[in-house]
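Lettered A, B, C and D in written order, each chain numbered from 1.
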Amino acid sequence: MAGNTFGKHLSLTTFGESHGGAIGGILDGCPAGIVLDLDAIQHQLDRRKPGQSRLTTQRKESDRVVFHSGIFEGKTLGTPIGFSIPNQDARSKDYSHIKKQFRPSHADHTYQAKYGIRDYRGGGRASARETACRVVAGAIARQILPAVHIQAYVSAVGSLALDVPYQELNLSQTENNTVRCPDPAMAETFIQEIENARKAGDSLGGVVSCVIQGVPIGWGEPVFDRLHADLGKAMLSINAVKGFEYGSGFAGTRLHGSEHNDTYGADGRLLSNHSGGIQGGISNGADIYFRVAFKPTATIMLDQQGLSEEGDVVTVKGKGRHDPCVVPRAVPIVEAMAALVLADHMLAARLNSINNKK
Amino acid sequence: MAGNTFGKHLSLTTFGESHGGAIGGILDGCPAGIVLDLDAIQHQLDRRKPGQSRLTTQRKESDRVVFHSGIFEGKTLGTPIGFSIPNQDARSKDYSHIKKQFRPSHADHTYQAKYGIRDYRGGGRASARETACRVVAGAIARQILPAVHIQAYVSAVGSLALDVPYQELNLSQTENNTVRCPDPAMAETFIQEIENARKAGDSLGGVVSCVIQGVPIGWGEPVFDRLHADLGKAMLSINAVKGFEYGSGFAGTRLHGSEHNDTYGADGRLLSNHSGGIQGGISNGADIYFRVAFKPTATIMLDQQGLSEEGDVVTVKGKGRHDPCVVPRAVPIVEAMAALVLADHMLAARLNSINNKK
Amino acid sequence: MAGNTFGKHLSLTTFGESHGGAIGGILDGCPAGIVLDLDAIQHQLDRRKPGQSRLTTQRKESDRVVFHSGIFEGKTLGTPIGFSIPNQDARSKDYSHIKKQFRPSHADHTYQAKYGIRDYRGGGRASARETACRVVAGAIARQILPAVHIQAYVSAVGSLALDVPYQELNLSQTENNTVRCPDPAMAETFIQEIENARKAGDSLGGVVSCVIQGVPIGWGEPVFDRLHADLGKAMLSINAVKGFEYGSGFAGTRLHGSEHNDTYGADGRLLSNHSGGIQGGISNGADIYFRVAFKPTATIMLDQQGLSEEGDVVTVKGKGRHDPCVVPRAVPIVEAMAALVLADHMLAARLNSINNKK
Amino acid sequence: MAGNTFGKHLSLTTFGESHGGAIGGILDGCPAGIVLDLDAIQHQLDRRKPGQSRLTTQRKESDRVVFHSGIFEGKTLGTPIGFSIPNQDARSKDYSHIKKQFRPSHADHTYQAKYGIRDYRGGGRASARETACRVVAGAIARQILPAVHIQAYVSAVGSLALDVPYQELNLSQTENNTVRCPDPAMAETFIQEIENARKAGDSLGGVVSCVIQGVPIGWGEPVFDRLHADLGKAMLSINAVKGFEYGSGFAGTRLHGSEHNDTYGADGRLLSNHSGGIQGGISNGADIYFRVAFKPTATIMLDQQGLSEEGDVVTVKGKGRHDPCVVPRAVPIVEAMAALVLADHMLAARLNSINNKK
């Protein structure tokens, strides 16, 4: 398989360049008989789409998904679900200046070197526009897993961080603000910080945290396809991601084993959850939680030194329409990729036992 | 595929429980005609094996790998390389006390719940003993990639950290001490810290850093099989790993785009490398570097509250032979997994162009 | 992976039901930089499309393929090629009578039992309409392999057979008649036979033979992915196929080894080709040839005993628009699947040697 | 994946050259909790092993399989089952004469050209010795499917054929004679025919038929992984196989649809089974049956014209120990591959429905 398919049992293959005719995908392996809520799918796409607020790119895309197959009289058929999203507001001429230039910290140079050709318009295949397809598929995956609750939120923007355990947050408030931070005061601070960056023509990074509840014990396939390894790959496959940690993460490396171990209390329940809901690569029934690092958007409105195709340094003009900080729009993408991983592993777990009682 | 195969083109499948007859694997997809240095393979295994120093478990395993196929007159045949490593010093009776107990932060409970059965002796399949097979395969992968140099080292033990960029370290000194830290003074401190933990019957976590040099531009398969996503999955599939970050990582999220972008200098070379050698999921020719978080060893010599099979809290005795801190032995494992990922992507990159000039 | 993807390196995933909105697919792994002849692709589709002559179904579909991605300024980008073909002349009401009936020798019953739901209109996913997507992808695969020549033709219709070795036929005449038989006299006989069946409301089976020239020595991946095993699977995955044989096939089982072995002549060339161009699963440079058995079309215009959803015998009316014999339209499908297999194996063979000189 | 893995969910990877240290494999994806009958596994190996009678090669191999993992206290763990079979009676010097020669209709030339190196001893990886590993794995697969009955038998040797439908045979008599033909009289004729060929230093081909009973409705994954397509690939991946047909096969192409269609009788049961138990690629509950064509053994005891590495014609001496006709020993191999396919599809079918009631 080339690199555009994700998932072993529930498999998403995506296609599409940012300024081509359409983007889309095929979700294969979706079990039959699921009553699909198409509005819920469109709702997830709307959470990701550009132009939602001043925090995001002003590219206008209605991002209406069209389903071509796999659904009949409102239910999944068990056959592949083909879908597409037309590209509408693709101002390709905005990009003519980079036709023969490689922008700093973009994939222009690497794509050109790898393939000997690239669609330079809007980043082509390297554009985060591709993630809209993941959101569609992830929204279906969520409907395969009605008992699983997945909630991501923005926990850091630039050097500002919401250093509060998720248990102390009211995650249901996440969608109440444009930056998708469940703490209203911190949300305001985040928004201001992004505004400042935008006005300065600059950009910011950030962190998206994600909490998953309702996963039963037993999902995850050692030794290579551990549940957290697949979650990690899923997140690292999202544009601009630089790091992934789950449970106690990097901070947990500083504890002693006697502090870090999750021991059992009188009722047989875990007294802590440094494990992040996964032990030995298999879900243990506790909450799964993880954090994803996003770098500052590479496109900024300031001139920078890039490279010409001939190998000379050139000044790349700051132009185009971009997000000064990607994390607010990354929230539904993180959730979608998590949903795809979990649905894939729910299916995988059906294969483990001879009596298949799961 | 079930979860015991890693890699698409160069594929490693492993087998084996900690106290079974043997562990081993099959490496399929190794190109033909490579003159294999078998001593170099055994050398990597020796770096990983138990009983090297007081820092590691005292289990005695000679860990001699036996090759069964795929090699003829010293060269690879292009056919699968089958190998095994006998289990020798398996004191299974050390584990009879946990036959019906689930230890805190181990995979005992999750394996039992998932499969309805487990080999409780020494952790069974969940034991890090399985990683010896990865080291064998990784040592072969290194020989597929003679121009690529992979060097990992311990950069943190517990709360002590070597906060120095790798460029300022003499990585060739890494193997000079038992903790595998290239800074001699810090190595001494790390060793003392681990000794203290060991004496207290406790354990420590830590961080392994890894630097990869010599990767040409063009390896990595967007959009899902980005080079760093596969590196991340590889690392997260190693026992006890809680996090992965590459390039600027989590720290990079706090920078502005204007600071973070890797711009080009007068000679067309990159002026910085926050990208960590990868852009858009494809290697850009610069050094690849990343960090891996390891939790403190779950097995400690202190009594702790575990769970009985019946669901009651029980006291689990601290017994058996274990590493008070896994990071020194994790260094060759991290390198091995990195080598497997890189060799896999070297092969994948042969498929990208019609003229196949790579 | 669910069952709708074909090929390891060049991977086709298809979607679509016969009477849904569209059918289509994604071809991933196509090398970059190929100048695509889109007319040649449409030409192959036209060879397969319905309504070409009285021999085929009268369903009217223009079958114009639309490409959405992966092609830029006329060349392949190395990114996934997404495409779709709208369904136009879908007379779904023709099928209302079988909404709750299972037709004999159709997939109605098996789909319903497997998935608990089916799109009964025109056979849904089980319709041969899906093969149009294979023809699109196969036409691209042919352009990846300009030196390989693939030619299929009809060699039997019902009990009439063209028992002549392909070397004695002028294969360039294959497209000169509607039944795609290179022998003009036999073609006329075949056409008459199909006409008779059509008039009787009945159907016929047949055999498609295929010859592949220009494959170099070295394609095919033992031990499971032998070149002929993948060709066999490819053919058996086409609707209505009941058998596959290559080289000497079933007839070869009746020879002695001394007759069957392909020995070498004075110039080092093979004196015979019972092997069918493949030895040990690897192409040997000689012509590859094989035969594919197609059963008579299950849909006939005669009433037959089917099954109701409740399990009762019911009379299924002969209705709808169907091919009285599928082999003429199967010719481009057989060629397309062969092209997909060969392009996949051409890519696989790039991975075999350390020096990658292929 | 390189070409040495078979099966998506239940995956067998094999290793080993004919005269290397050992052959073996890893069976991954076997459900946990199966009480394994190890004697039954060895019994299948014994059916395949050389030296059983005058009909087979006189190479002496005890072919005792050793299991290294995945089994604990008699039950499967759900972890990979690693196993090996030592090579014992490998008279490599018998092959020194072909070190630099390519034998007619062997894989010598193609392996050398593909890989640039080969283990010439006993055919190396191309030897049918590898199929012993398939028999081990297939014997485990049978135990995953206790309700499925798989029985193969020899139905043709050279030009002699047992032209009787399987329903009219007493298949339980198959093992009563060395040629594995359920008709005692025909068995005697087959044996005599093989004896004659052996005495003449020549070889014969033949046909193995296989009947599978007890498969429920619903196994098989359209559109590419149809049950019969996977069975066909499985059979075509066996050494010396030239063809595969199921149900009515090639003979069925000569019938009209009105004759060929399997209609329903008064009790809702199928009145015929030209479909061979599979419709639309999915099992329909009826018997699955198919035929596999084996070419005459390429190794004969007569001198033949081969090729030197330099490209000259050379006389290859008839030497070594080989089967004059492979079909008797092929019977357990055909059954093993069928079992692997069926167990794989049994698992796949668990994924089709949202309610997973299968």
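Here, a contact is a pair of C-beta atoms (placed from the backbone, for glycine too) under 8 Å apart; a residue touches a chain by one contact, two chains touch by 3 or more.
Predicted model only: the values in this text are computed from it and were never measured.
Counting C-beta pairs in contact across A-B and across A-D gives the higher total for A-B. The chain with its CA mean position farthest from that of subunit C is B. Averaging Cα coordinates per chain places subunit A and subunit B 26 Å apart.
Separation between the centroids of subunit A and subunit C, computed from CA atoms only, is 39 Å. Averaging Cα coordinates per chain places subunit A and subunit D 46 Å apart.
Looking at subunit D, residues 1-5, 8-9, 14, 29, 32-33, 76, 78-79, 114-116, 125, 222, 351-353, 355 sit in touch with two or more other chains. Taken as a graph of touching chains, this assembly is complete, with every chain in contact with every other.
In the complex of the two chains, the subunit D residues touching subunit A come out as 9, 29, 31-34, 76, 78-79, 144, 222, 347, 350-356, 358.
Within the complex, the subunit B residues that touch subunit D are 1-5, 8-11, 13-17, 20-26, 28-29, 32-33, 66-70, 72, 75-82, 84, 114-119, 124-125. Taken together, the subunit A residues at the contact with subunit B in this complex read 1-6, 8, 14, 102, 104-107, 109-111, 113-116, 125-126, 130, 156, 158-159, 197, 202-207, 217-218, 220-226, 228-230, 232-233, 236-237, 242-250, 252-266, 268, 271, 274-276, 278-284, 291, 293-300, 302, 304-307, 311-313, 348-349, 351-353.
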